[in-house]
Amino acid sequence: MALFLVNILDGLVTGLLLFMLCSGLTLIFSMMGVLNFAHASFYMLGAYFAYQISTVTGFWMGLLVAPVIVGVIGALIERYGLRRVHKYGHVPELIFTFGLALLIEEVVQFFWGKSQMAYSEPLALDFAAFSIAGNSFPAYKVFMIFMAMGLFLVLLYILTKTRIGMTIQAALSYPETVQNLGHNVPLVFMCVFGVGTAMAGLAGVIAGPVLGTFPGMALQLGSIVFVTIVIGGLGSLWGALVASLIIGWLQTFAAAYNVAMEDILTAIGFTKPENIWDHPLQDLWTLTLPQIGPILPYLLMVFVLVLRPQGLMGKRET
Amino acid sequence: MTIASKTPLTAGTKRLISLSTVLPWAFAALFLLILPVVFQTSSALTIMNQMAITIVFALSYNMLLGQGGMLSFGHAVYMGIGGFFAMHVLNMVEYQGLWLPLPLLPIIGGMFGMLFAFIIGSFSTRRAGTVFAMISLGVGELIAACSIIIVVFFGGEEGISGDRTMGPEFFGMDFASQSEVYYLTVVWLMIAAILMYLFSRTPIGRIANAVRDNEERAEFLGYSQRNVRWISFIVSGFFAGVAGSLFAVNFEILTEENLNLATSGSILLITFLGGVGFFIGPIIGAIVFTLLQTVLGLYTEIWSLYLGILFVASVMFFPGGFAGVIAMHRRPLSLGKLHLLTGPYLKVAIPAVTSILSLAAVLEILFHKRHGFAGDGAMSLYGITFDSHGYQALGLAIVIAAISLFLVSRITPEIKAAWDEANHAGDDQ
Amino acid sequence: MTAPALELRDLSKSFGLAKIIQGVDLKVAKGERHAIIGPNGAGKSTLFNLITGKYAPTSGGVYLHGENVSGLKPFEINRRGLSRSFQITNIFPNMTVFENIRCGLLWTMGYKYSFWHMISGQQDVTEKAEEILEQINLTSRRDLLAGTLAYAEQRALEIGITIAGGADIILLDEPCAGMSHSETALIVDLIRKVTEDKTLMIVEHDMGVIFDLADKISVLVYGEIIESDVPDAVRASVKVKEAYLGTTLEDEGV
Amino acid sequence: MNKFKTLLVGAVVASLAATAAMAQEKVRIAFIDPLSGPFASTGNQGLSIYRHAVDELVNKKGALLNGSAEFEIVPFDNKISAKESLIQLQVAIDQGIRFIAQGASSGVANAITDAVKKHNKRNPDKQVIFLNHSAVDPALTNDKCNFWHFRFDANADIKMDALTDDIANNPDIKKVYVIGQDYSFGKAVAAAAVRFLKEKRPDIEIVGNELHPIGKVKDFTPYARKVIAAEADAVITGNWGGDMVGLGKAIMGAGFTKPIYTYYGATSGITANFGDQGDGIVKLAGAGQVNPPLSAEAEAFTTSYYEKFPELDLGQPQMANVAPMLAVAINEVGNADDVKAIAYALEGMEFDGVLTGKTIMRESDHQAIQTLTVQGQTSEGLTFDYDKSGHGMVAETIVELASLNSATTCKMKRP
């Protein structure tokens, strides 16, 4: 039971982190119709910038400054790159962001090399906040939960209480209303892209010390982020939240419990073959839940898309 | 012998089409035949084989992206599946005495590629655009991940290997030497390329274009957009499987790498760089990419950075890829005004090349400064050796780059004017 | 008596709470030219989209020659002999004019999903396509990309694609929208020519066109048919005048 | 038409490139490892050690054919791809290179050993030797052994033998948790751990034995929770790269303060990432040692290495043996062309490794037998630190000629 509780908390951390990425991606998608393949790359940039800043001024400055830099870079990319491609249609846009993801990874390697950076949590948070049955829960993770929650609340406030937020919300359900933003649609697009990427950058700043700051971090998380917003429903913020939490818990619990296929097969009446390593079904017999944990989100996505193409809470099909 | 039997076949299939269509193919076949006479080393043959395989794969990918409007992030799956099955069949030939001449292996791989495309296409082709792209990504990741888990079939991390020479001899060839494999590969390259070209000329091939352009309209002409995409997808799966089998024959090993996102991504890159709107595009893309990868890779560590820059620049400025740039000159050519462009082109060539080389030098020097060995500041670039840690070399490169870029920017209006002039015959272009 | 070519029985469509089409009943006899008119937002395009299968009806049914086709996909309805054009030009912009027409022909000429025919070798298709090009006066534009045509030519091409398949029921959605008077006259002639012996249903704002072409006119207001009769009777109808908020049909543009 | 022109130009360039590097009195070794991409740090580290060993231990001493020849290391980037490795192998052979060195990833090593075997059979006039400096899958010197393959690193079994000796001598350890990456190497480590522990300390309970997907786990926290919940006294893992950092940080972050036994728990950013937390916890079993230096020569060798490559680490000491041992074999044969004779000369060779002590290339399976150490991470008493972090590894247990008589299933077929 104690372990279950710990896993709930760990899954929550993973899920909320995922949500920080997904919310920015969803915002961008809702407003601009662009599925930003490079979104996780901005997350990576956030972590690297924060690391670089932290070597000079410490963690907290990085937390403040890095997301801003990432946001500015994002806005510039929208202004001088994406906008140019926009006229060719959505598929070239997707290809552009895909190329951007490749390029950002190369640029990061160019400047920081290939090894993992020694980016770690601030000393002030480097202690165990509490522990459950010997398992300590780092203070930093508590901080992560509060940061993600805080971001969510700010976002919720903006979306429900401000004019721009209302328009964005309308755009979630009715893409045509984007045109009613007034005369400066391009500026709004640029800002949305900047804010969305800054949120990804913030996620990177926070996740870097825990999940590692290395050139593969974008790729590792990238496809999961798309999977999440597709499962949640493209353009649905609540869907993104729900899907993020589902995937966070799914992955945590899949890794946490060693459910073995062997036990299941024996329980339903099959007998394990004598010499398992020569058996054609050896892989089935030796399968465990942690082994397939990382592919569960993809499996879930395929099911969702086949059964409910608009996603769990999505209102529109693409 | 294979060759002799191939040429009449080429001619036969194309008889109903004009000479101008047959000629490039015949020329290509001849060229491929004499290529190994010029480049005899087995590494040159290996690289040419790899190009041939990449061309088949890229053409099959372009059936989706270029002709069907389907952006796939998981096309490696069908090539890989075809290759893995081909490899298992190869091992059955070796260990269970199955009788199968090696040149027929690609048919088997193709069939399995097709089978998987049939199954996965049944649900993924319902929609084009973003949803298709996402499903292809998901399925791609899924199967790549499964390949590590299902060791019996995929061989886990180390993959599965085989020996191509164990089958029955084929007209006296046992395919131990690279050159025999080369001929097998290019014969299949020709067959596959011709078939794919012909496919684009069939009713379904044209309707695939129509669905790409305007799926709603196609539906109101009696065509189910899903079925049209599905059929393209299946046919594309077949040729991807053929490419996979050729891979199995050439490298005698298949690993997870043949299925993963990186491979799927690079075929997108190759096809797009070459030009998705043109049949020849993926062919150009495959050749350029293979050369960049093998040759540039020999000279610089940051070759993939250059590739990334090239790709992003291409998406932004030349969405038609290399083939598109070439095709842009078709109109001046037909107007007989191509000569108007040669002057400005020649004029810009030197500063343009200089600026590219000097910008690359800036990157190389920066990279060397940052990641080179500390005691080892010596660096040689374009045949010049210097100390990368001082500021002279870097400064010089930056100055040269700035000057040449300035020159390029000065000449640009002239090119633009010449371009407008060369295209000016009737209305807008 | 044979079944009407097209019949709508108590057809309704809602989007969420908004009822766009509310219980439409309509019969279009074979060979009839039937026009739908109504103020903006009356649901004319939605009605077309319901008939052609783009949307599934919330309730009620669409019958083609007596067969219930509601809920079928657009391509299935098309194969049963109904073809439509679009309000916004809807052609294949990256294909040539000739190819646009040819795409409209392939299914009904039996090539379907064929990958064993070389398309350029099929004389029958080529000839038929040329013939249609001739009809819509685009022979001189044969090998241009459709996207590069002038607007009026694109509208003509749109009609050409629509009728190419030889469907016996043709739905035209504002074929003359955005055209000058002379262009409109040309298109109306074209429509008359290509829909001979066919059942035609047309939505159009230009009342001149309507009263010129139509055998019967139905007036759609807020998702309901308030009148369906021959042109003269519609012109005289009080209900219709009220629906157009006091304006007369003449003011609308005749 | 353009297709042809491009292809022609390209092929000219390719074949020029293939012949460009021709040199006369150099004996060239092709170093095929990842030099770009995510695993480049591993490849570049290996390359630096090779270069340093060739300079200091062979060329400067004139140790190759009495100074009439020199070694040259020719790097080839295989991008850690099996396909790319085979292409580079082919390019190297075409350039006339007869000595192929590779080590990063057992998967690639498997592909190369297989390709070398086929190549030597098909081209008896151009035979090559495969010098495996760090791929440790036991199969390579057991079921899949072949005459042309020589392994200079201790294989996974040998390392586990040394590692479990250390565990066996620690009476505090009663429960062990084994975790690794889900592929051949990870499975080999797990199997060896179970086998040796059962043999040496049957009283130790293995409280966890599991595999996780390789390179796919973003967050190792759930695994760390299981380790804590199982109340393990020690963890054994074969993880490397990002999976090592992730697992190590998660386990220590969850409050684990007992030893973590690793194969690759140092250098390439790992030591820097573990930092203070890893001191006294992270252990590593490997061939040879850097701290404390074995001899004055070793210290000089290491010092000059760090002068030359301050950004890198001498993380794989056995790599320094490859070129010197090859030189001895070539000297014995008298030329660098009779590859088969050189392979025979390498078999059974006894050698004094600068960082690995007495080293024997076992004849029966071409497995190097050398000094193995179990090292512990610390920040005190270091002659050389890793990652410029102030932390490093110091040999705690030293086993000379480890596993000299271990069994092998290799049935060597000699030409």
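Labels for the chains are A, B, C and D, by order of writing; each one numbers its residues from 1.
To be clear about the criterion, contacts are C-beta pairs under 8 Å (C-beta built on N, C-alpha and C of every residue); 3 or more make two chains touch, one makes a residue touch a chain.
This one's a predicted model, so the numbers in the text were calculated from it and none came from an experiment.
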Chain D and chain C - chains in contact with each: B
Longest centre-to-centre distance from chain C, chain (CA-based): D
Inter-chain centre distance, chain B versus chain D - centres from mean C-alpha coordinates, in Å: 35
Length of the line joining the C-alpha centres of chain A and chain C, rounded to whole Å: 47
CA centroid of chain B to CA centroid of chain C, Å: 44
Multi-partner residues of chain A (at least 2 other chains): 109, 113, 291, 294
Contacts with 2+ other chains: residues of chain B: 145, 149, 302, 304, 371
Chain pairs in mutual contact under the definition given at the outset: A-B, A-D, B-C, B-D
Residue ranges of chain B touching chain C (in the complex, touch as defined): 16-17, 198-199, 201-207, 209-210, 213-214, 216-225, 227-228, 231, 235
Chain A-facing residues of chain D, complex: 37-41, 182, 210-213, 215-219, 221-223, 225-226, 228-229, 231, 242, 245-246, 249, 253-255, 268-270, 272-273, 275, 387, 389
Residue numbers on chain C that touch chain B, as the complex places them: 52, 54, 73-75, 78-79, 83-84, 86, 90-95, 99, 102-104, 106-108, 111-121, 161-162, 164-165
Chain A contact footprint on chain B (complex, rising order): 65, 69, 71, 73, 123, 126-127, 129-131, 133-135, 137-139, 141-142, 145-146, 149-152, 261, 265, 268-269, 272, 302, 304-305, 307-309, 311-312, 315-316, 319, 363, 366-367, 370-371
Contacting residues of chain A [partner chain B, same complex]: 35, 81, 84-85, 88, 90-92, 94-96, 98-100, 102-103, 105-107, 109-111, 113, 219, 223, 226-227, 230, 234, 280-283, 287, 291-292, 294-295, 298-299, 301-302, 305-306, 309, 317-318
